[in-house]
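Next come two complexes, and both contain subunit A; in the first it sits with subunit B, in the second with subunit C.
Our next item is the complex of A and B:
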């Protein structure tokens, strides 16, 4: 009984595949468009998922609490004497004052992120460098840069370069180390220097810092400590580690402009496909069904035939689209999307995307693509199955 | 050969390519783990709060740590003009439902 059921459906599948091959131009075209739609959806999903995963893995090591002062809705510098006012809070392990900001290189339009840390903190930093060393305490002007920044500054073999301060005077720097390319996703545009050098470059007053990075002894108490800090310094914005990670969990998504464009493209393609399927059967197709009915095919057999046809097209398109999407993201860094993702950025750090494909990703792409396609073929399949054979021949 | 057998062979071929890709991915797992360790150490000791993806605007370079009103800052209701902003989801408060 079971063997005959399988045999019957194998025969129907054989017939369905032969039928698809007889109209190979039309069905090949549908499979190609379908594969492209799945490729687009899956590429977007793999790309954003990969960035979210990297953020989740890495930013769990971001500061437990970041303290910034806001004035008129904008971030402004704060005095490092604020550290003293937080001394009484039990559970704070360390507070590191930081000066950071952006430097626009007018020569080539690149934006560099300048990061200034106290010399003691830099000396303790476990930063991987491809070569060189970290800036030393009593040597002003020493910096570590990324290889992208080095290329952007067109340093070549030179070690020294200058940046303009806001009053157009020049600050000189010496490159003493280069960040490894493995950390490009964090430091691709960064120039690391001592706190005093960063203050001098940004013309910040003595004792002024951009923000405070607070480490807590017990991460479970982060929210309590953040609330206490907020009570002592009500004019500050307090970012906890969990808020930073939450930002990255939600920042890339289907509601973004590009996500919507991808989704709308996919939906538009499905409308075309559904229209194609539902727009009525050709005379040849009607004759074929009539002959099948004369030969003894029942309505459920014709439905099974149409079902296997749809499954065959969907299977090949799904696998092909997914495979191409994986190759696109893993080996070509999502090169079709990165021009939009990076926008007008002059510095384009290597993303080193690592799409760990999960069952949830596959299910999402399947639900957005294959299920609507199968749903779109149900009514046309029924219409073809109920044709009265004697009215055709 | 039956058409269904040829079809099964085609699917098998694509799945074999997928298996090879998986093999390549697994072969690089040691290097990736090392790179992740370096990134974690860098983020931890330099206190970095954001990924360096788009460097064109401060709110795309540091979406977590830049001031929250920076996007759409030209005037109220201004449309986002940096291309990379189109990859970013609008704030939850501006959309009626989650997702």
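Our next item is the complex of A and C:
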């Protein structure tokens, strides 16, 4: 019984494919538009997925706990002597004072991220450089920049450049190294320098820092240590690495959801089109169904025929749409949607996205593209199946 | 999370399913009001063709329901990356009071739609349509069930917020009494496994008996149906409390959802698929048994029962082997 059931459906599928090929223009048009809709939806999903993965990768370098002082709800600098008050907490491996902030370059409208670290911490940091070396202790003005910052500063082969301090006096710097492009999403706009140089650029007082980066020995204890720090320094904001990860996922998820809502209009239009196309049977199609019925096809056979036609169109469109979306994200950095998901900064990091497509992503895209299409074609399929053969021929 | 891509996809599937079932219910109401097999009026002829539409719609509804259940679990796993304290799908389901009820409703939904299709398949094989009224009353009842599922799912998604702190399936620090369980309480492993194998053995015997005997009496039929339901619940408990931690090789990790992940070779998919198929086939056999005496259904019922008993037996054996493998491999070889 099972063999004859499978054989019957294989025969119907065979007929459905030949029937689709006979009406190439109509079905090809539907498949093309459907592929486009799937391409848009899948691009969003793949891009979100890749950005989440990239964020996860670069957050490996982020400190386990970041401490910032708040005053009147705003972040203010704190003295690096506060490190001493945390000395009694077990499980803290290292505390690094940092000065960081944004420097607006009026010349080209770019915002650089300035990061100042103690020289010995810079040497220990797991920073990968494409060439050059890290800033050294007793050599003021040495910096590491990314290749996009170098391009933005129009340095060319020159090593030295200047930035304006807040009082419009100039601070000069020498480039000693260039970050590797792999961490471009994190370091794309970064200028890394010694702590003292960063204080000088931002006009911070001696011994003042913007935050403290705490690393812990056992990551499972991060939340407990964060709670202890909060008890000792109640005026600080404490950010843990896992919180930042979850925030990234939430933000990407929300932005991608927002984008998908906008794309739903495209999906809705397509579903209406599919319904309309499936409903409007030509005289020739009606004759075909009438002949099939004379040959002994039942209503459920014609419904099965229509089902296989819809599945064939959906499969071709799904594969085409997914392939295009993959190419768009992997080779063109998802350029259509990157501004929505990443923001509009002038110095946007150049991304090297590698969409790791999982079964869950495919099922997700399938659910909100193919299922509405299948749902839209059932009633027209049934209407065509119940045509009275004797009224047509 | 309502406007997260996953939330949107779940809502879209639910709306599609609602559209399908509402359209099918319209036919159901017309059939319940106007069906008259002795008439050859145009309404009756229209209704006879409309029953094909309604059955197709419910079949699609079943397909959508299965995809929706799978997507719901995968979505919960994805949400765990945003919710504080959640490490996998369990944490997301426990993040508010709607998660677990929606999951249970979706699981039951697969059986509810499936049973309708079994009734329909039997019904159309008799020229008298003996089950037509029952199956359309049943179909009308599916609509409020689906509405309830959509309302609860929407509330679950709307109230799921990244700020909520939840706890997950592995609780590392706790009293001696709570050794790591969160989704379900503590049970004796020996007692559970003994119960699990006993019920499985009873059901195997039942399937063999069903294959050899012509007909079961009504009380045995009801007893067999209840045993299948008991086995389904017991299997879910055994997978969560005992089997899962042997698959993960982590004594404190008791989660029925992480076994779906690629890290564990997606072992959860064949385990759950065979469990659902075994229980569904077993229940189909029982349901068909009640239709045996209806006009024109004796032969179709016999055919369906043979098929379902074979399928239930095969799936049950595969399920027990798959779910027991890691447990026995650990007990015997380590």
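Here, the second predicted complex is superposed on the first by the 351 of 393 C-alpha atoms of A that agree within 3 Å, B and C clash if a C-alpha of one lies under 4 Å from a C-alpha of the other, contacts with A are read in each partner's own complex, and residues count from 1 in each chain.
Methods note: contacts are C-beta pairs under 8 Å (C-beta built on N, C-alpha and C of every residue); 3 or more make two chains touch, one makes a residue touch a chain.
Here the structure is a predicted model, which means the values were calculated and not measured.
Colleague: Going by the contact rule stated at the top, is it subunit B or subunit C that touches a larger number of residues on subunit A?
Modeller: The partner that reaches more residues of subunit A in the superposed model: B.
Colleague: I'd like to know which partner A:208 touches here: subunit B for first, subunit C for second, both or neither.
Modeller: Touch partners of A:208: none, neither subunit B nor subunit C.
Colleague: A:379 contacts which: subunit B (first), subunit C (second), both, neither?
Modeller: Second partner only, subunit C.
Colleague: Touch check for A:281: first (subunit B), second (subunit C), both, or neither?
Modeller: A:281 sits against neither subunit B nor subunit C.
Colleague: Examine A:363 and indicate which partner it touches, taking first as subunit B and second as subunit C; both and neither are also allowed.
Modeller: second
Colleague: For A:128, decide between first (touching subunit B), second (touching subunit C), both and neither.
Modeller: Only subunit B; A:128 stays clear of subunit C.
Colleague: Name the contact category of A:264: first (subunit B only), second (subunit C only), both, or neither.
Modeller: In the superposition, A:264 contacts subunit C only.
Colleague: Using the touch definition from the top, say if A:250 reaches subunit B (first), subunit C (second), both or neither.
Modeller: both
Colleague: Report for A:311: first if it touches subunit B alone, second if subunit C alone, otherwise both or neither.
Modeller: In the superposed model, A:311 contacts neither subunit B nor subunit C.
Colleague: Under the contact rule defined above, give the subunit A residues that sit at the interface with subunit B and also at the interface with subunit C.
Modeller: Touching subunit B in the first complex and subunit C in the second, residues 243, 247, 250, 253-254, 256-258, 261 of subunit A appear in both lists.
Colleague: In the complex, go through subunit A and note every residue touching subunit B.
Modeller: Those residues of subunit A that touch subunit B are 10, 13-14, 17-18, 21, 51, 54-55, 57-63, 66, 68, 70, 73-75, 96, 98, 102, 110-111, 113, 115, 117, 121, 124-128, 179-180, 182-190, 192, 211, 213, 237, 239, 243-244, 247-248, 250-259, 261, 312, 315-316, 319-320, 322-323, 326-327, 330, 339-349, 351-352, 354.
Colleague: Provide the residue numbers of subunit B that touch subunit A in the complex, in ascending order.
Modeller: Residue list for subunit B touching subunit A: 2-4, 6-7, 10-11, 14-15, 17-18, 21, 25, 32, 34-36, 38-58, 60-61, 63-67, 69, 80, 82-90, 92, 95, 99.
Colleague: Show which residues of subunit A lie in contact with subunit C when the two form their complex.
Modeller: Touch list, subunit A to subunit C: 1, 44-45, 48, 52, 243, 245-247, 249-250, 253-254, 256-258, 260-261, 264, 299-300, 303, 307, 358-360, 363-364, 366-368, 371-372, 374-375, 378-379, 381-382, 385-386.
Colleague: Would you tell me which residues of subunit C are touching subunit A in their complex?
Modeller: Against subunit A, the touching part of subunit C is residues 1, 3-10, 12-13, 16, 19-20, 23, 49, 52-53, 56-57, 60, 64, 67-68, 70-71, 74, 77-78, 81-84, 162, 262, 266, 303, 307.
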